[in-house]
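This is the structure I want to talk about, given as structure tokens.
All chains are identified by letter, namely A, B and C, in their written order; residue positions are counted from 1 within each chain.
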Amino acid sequence: MSDRISVAKTYKLYIGGAFPRSESGRSYPVTDTKGAFLANAAHGSRKDARDAVTAARKAFGPWSGATAYNRGQVLYRVAEVLEGRREQFTTEVAVSEGVAVKKAQSLVDTAIDRWVWYAGWTDKIAAVLGSSNPVAGPYFSFSTPEPTGVVAVLAPQQSSLLGLVSVIAPVIASGNTCVVITSQDRPLPAITLSEVMATSDLPGGVVNIITGHAAEIAPWLASHADVNALDLTGAPESLRADLERSAAGTVKRVLRIRPDEDFTREPDLSRLRAYLETKTVWHPMGV
Amino acid sequence: MAAPTTLPSALADAVRDESSLRRFLHGLPGVDQVGVEQRAAGLGTRSIKKASKLHAIDLAISMVDLTTLEGADTPGKVRSLAAKARRPDPERPDVPQVAAVCVYPDMVKTAVDGLQGSGIGVASVATAFPSGRSTIDVKLADTRFAVEQGAAEVDMVIDRGAFLSGRYGLVFEEIVKVKEACGDAHLKVILETGELVTYDNVRRASWLALLAGGDFIKTSTGKVQPAATLPVTHVMLQAVRDWKTQTGELRGVKPAGGIRTTKDAIKYLVAVNEVAGPEWLDPHLFRFGASTLLNDLLMQRRTQLDGHYSGPDYVTVD
Amino acid sequence: MWEYAPAPESRAIANLKPNYRMFVDGEFVEGSGEPLKSINPGTEEVLAEVSTASKSDVDTAVTAARRAYDRVWSKMPGAERAKYIYRIARQIQERGRELAVLESLDNGKPIRESRDVDVPTAAAHFFYHAGWADKLSYAGYGPDPRPLGVAGQVIPWNFPLLMAAWKIAPALACGNTVVLKPAETTPLTALVLAEIIQQCELPPGVVNILPGAGDVGATLVEHPDVNKVAFTGSTEVGKIIQGNLAGTAKKLTLELGGKAANIVFDDAPLDQAVEGIVNGIFFNQGHVCCAGSRLLVQESVADELLEKLHARVSTLRVGDPLDKNTDVGAINSREQLTKIQELTESGEAEGAVRWTSSCPLPDKGFYFAPTVFSNVSQAMRIAREEIFGPVLSVLTFRTPEEAVAKANNTPYGLSAGVWTEKGSRILWMASKMRAGVVWSNTFNRFDPTAPFGGYQESGFGREGGRTGLEAYLDV
């Protein structure tokens, strides 16, 4: 008996909870670090990005309005499903990043743990970053962090899963929704991550994943008036200043590249804070 | 329940029966404590100087209900109060007369005699002042007695117990009956705001008294602390202003108790001017229930005119 | 009629000098820019001549600030920094009356406000932040959060001293040094603050104050040795600054324009709502980024509220900013007055119903009578653009959802007001407002302990509270 022929997977985009092909009909070959063909990935276009922003905006109200407990449950569920696909991710990370299986295993484990870490933050951010303000007058004043809105995330080009998870989880933990442009050369773990999201109670549109070229799509997201924040992490160096300038057109919050960013290190709150607004509410106290 | 005057239909509906009265009073817009106190404090920073101050002092003097309401009152004290009312500052005949002299019912006759020919009215407290704790018959008899003695104005107290327990109909009926008993005498309805505690209650009680036909709404008996305050008076001025908007009628406001200085009095006049409107800057529509205030007004008047500070020995103590 | 006699605060209290100089490296020095004349918008008279900074002066100031940062301020224990900042707070209180009169002269705001709001709140801001200087490790930014370096700060003309306090106090508390540019039309109180800073013996170069126009601000924020930029002003300029800082490592915070909705439900405490609406739009002549310039009234109380509002606005006394009885003072500049006039004309042209208070206006000076537009629709310019003047647009709504939709239908997101006696509705509305500050049953309250700042095109970053420290720390 001959070996069974496996069913090859078609890697598609993830927009609004569905898996469409790029509206442009384009795809591009993805190879391992040595150049061997792995798969064809959808080559996302500006119109795909536009559709993704629409989906993210639509999801923002319900997702930001969900209770923090509920968001925590959903995110924890994502971690559970991630765990179930541990082997698949290990294989994909190993071929995508050209690392040994053992190293890939460790990256995947850290990524899952990272997701769990952020999942636990959903119902603690307000207590840690909010405040009751002792104002000098007969008022009750409190401040509470609220999600910024729709975040365009340019995922790291190198760290295909751990980096990706590290930039997505803090965005959605606090109630934002996002449009993610994956690593151009290492998009496969991102597509698999979207399959995890699609099967783990995460409402469609909260995370939208587009494979393709950041250099081509990012300018459209940076200038998009319905995008509230921009994470430059995976932006090509030559484009960073232009993207930031473009983002200024609607006063977007821009998370710049941190030259020392190492995704294997224990994270702090800075990525959570980057996509939070503080809302201060006042009310008189009287009888 | 009988509406005392012809009211616009919305207000006539309000007094149709006890439950509509309750609905109406509870449907009035709330009063935010912090907001009204802030507004009162803000208006209190108005700086009234020179001619406008002198004008305010004379206006305030003409609005004083010169009051003595003590168990120890004597005919002699009431007579000297009447004399003071006629000529507040004997050395300065240009000082206006006060609006009225306010006494207990048994002193009305003495006060009327003392004020003969002056045009100054006598106001009498009545209805088991200050607590209001008696039967309606006694309250009506009290009122009739004061009017028979010659009182041109009656200052009644409401039944706060009934008001606070939500028996608005009872309070309403009492005011209507006392108003009837007053005949031609003007009726001031004392809300005793210090016992009503909240501004929401002050607003409801104000409307209740206006609906029942009170010519004036008055803050306090002077026997309960806190007595008149600026923010309470603000709420009452809003009530008469809104009453005018709805009915076209002008009703008066009388803060009483605790207003002792010219500075205080001027703050009240500013509130009258800017909350109710300049129309109310008239002794027919605004009064101060006070005893010691008058002397401070007189001293400040001298200071304004003489250009130096005056002293308490230069005004008469009665 | 009972007319209030004029009750002007004495101009002499301001200790006005004919000339003011910039403050660099601990000294008052002549700037090499073209001197400007600061005028009194209440009378159009020149108050003083003020030297301005040139490009090289900006460089000198930034160099002084860098030196002070490297050698003194960043090394000084927080407890010592705190005592300097406390000194400043106290001196502002001590010279409060002088500062208030000077502010009203230079800015045109009523003395009642400069005396009761601007100056005390400025002092409070220094006092509050002084206490943070030695407690930063408790602020939630790690065990030893570090300052950023030299802060370049550009502030507007609507609250000249208060904005200087909002900028300088947290910068110093966190260990940064400062180069601040006050607005072209209102440089005077910042320079008296410099005098206070000098008398408090702050080390030279820790605070530098450079008067000048927009070009000085642009030079400052683009200076390569500036690490932190804080700007309060128009969204238009904020965008330019953000764009110009693209690709640099400078940390930026922006506090920009607004078009706040003030929402009144039918169960609101109406008389206090009227006060809140008046305070919301006529406070400081409406020169307030968080002004409640769009009134959204529930249909069922719209007529009653509008009637009360007109009556109340009619009592506003417009005139001499130094008169203690003035409620609405002078528009800050002829340019701003023209802008307000132009926008109000557009309101009439677009079909809104204009009501303007019949209050008398002084013959000289820049004044604009309080104006209320009704029958306004969302599409009109007066409902969308920031007028920054005493002009209110009134719209109506039927359901809470409609109120939310209309309130949020703007690129801005600085503040919002909600008036209702129903507690659950307040909290629901507060959670739905896309705005950095929600005043419920009150409006225009400010406190150093309460973070302030915008969503969307109203800027980013917060000022005040623990949250406000982030803007001046390398975190």
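In this text, a residue touches a chain if its C-beta (ideal position, glycine included) is under 8 Å from a C-beta of that chain, and two chains touch if they have at least 3 such contacts.
The shown structure was predicted, so the numbers you read here are calculated from the model rather than taken from an experiment.
Chemist: If you walk touching chains, what's the least steps from chain B to chain C?
Modeler: Counted as steps through touching chains, the separation is 1.
Chemist: Report the chain whose CA-based centre is farthest from the CA-based centre of chain A.
Modeler: B
Chemist: If I average the C-alpha coordinates per chain and also across every protein chain shown, which chain's average lies closest to the global one?
Modeler: C
Chemist: When the contacting C-beta pairs are counted for A-C and for A-B, which pair yields the higher total?
Modeler: When the contacts at A-C and A-B are counted, A-C has more.
Chemist: Mind checking the centre-to-centre distance between chain B and chain C? Centres are C-alpha means, answer in whole Å.
Modeler: A distance of 44 Å separates the two centres.
Chemist: Please tell me the distance, in whole Å, between the geometric centres of chain A and chain C computed from their C-alpha atoms.
Modeler: Result: the chain centres lie 36 Å from each other.
Chemist: Take the average of all CA coordinates in chain A, do the same for chain B, and state the distance between these two points in whole angstrom.
Modeler: Result: the chain centres lie 69 Å from each other.
Chemist: Hunt down the residues of chain A that sit against at least two other chains at once, touch-wise.
Modeler: 139, 284
Chemist: So which stretches of chain B touch two or more other chains?
Modeler: Where chain B meets two or more other chains at a single residue, that happens at 32, 34-35.
Chemist: Provide the list of chain C residues touching at least two other chains, using ranges where the numbers run on.
Modeler: 441-442
Chemist: Show me the residue ranges of chain C that touch chain A in the complex, using the header's touch definition.
Modeler: 124, 140, 142, 235, 238-240, 242-243, 245-247, 249, 254, 256, 411, 426, 430, 433, 435-442, 445, 447, 449-453, 455-460, 462, 465-467, 470, 475
Chemist: Within their complex, state which residues of chain B touch chain A.
Modeler: My answer: residues 32-35, 37, 197-198.
Chemist: State the interface residues of chain B toward chain C in the complex, per the touch definition above.
Modeler: 29-32, 34-36, 38-39, 45-53, 55-56, 59, 238, 245, 269, 273-274, 277-278, 281
Chemist: Under the definition above, what is the set of chain C residues touching chain B in their complex?
Modeler: Going through chain C, the ones touching chain B are 1-7, 112, 116, 267-272, 275-276, 307, 311, 315, 324-325, 421, 441-442.
Chemist: Residue numbers of chain A touching chain C in their complex, please.
Modeler: That would be residues 128-129, 131, 133-137, 139, 141, 143, 148-149, 225, 228, 240-245, 247-251, 253, 256, 268-270, 273, 277-284 of chain A.
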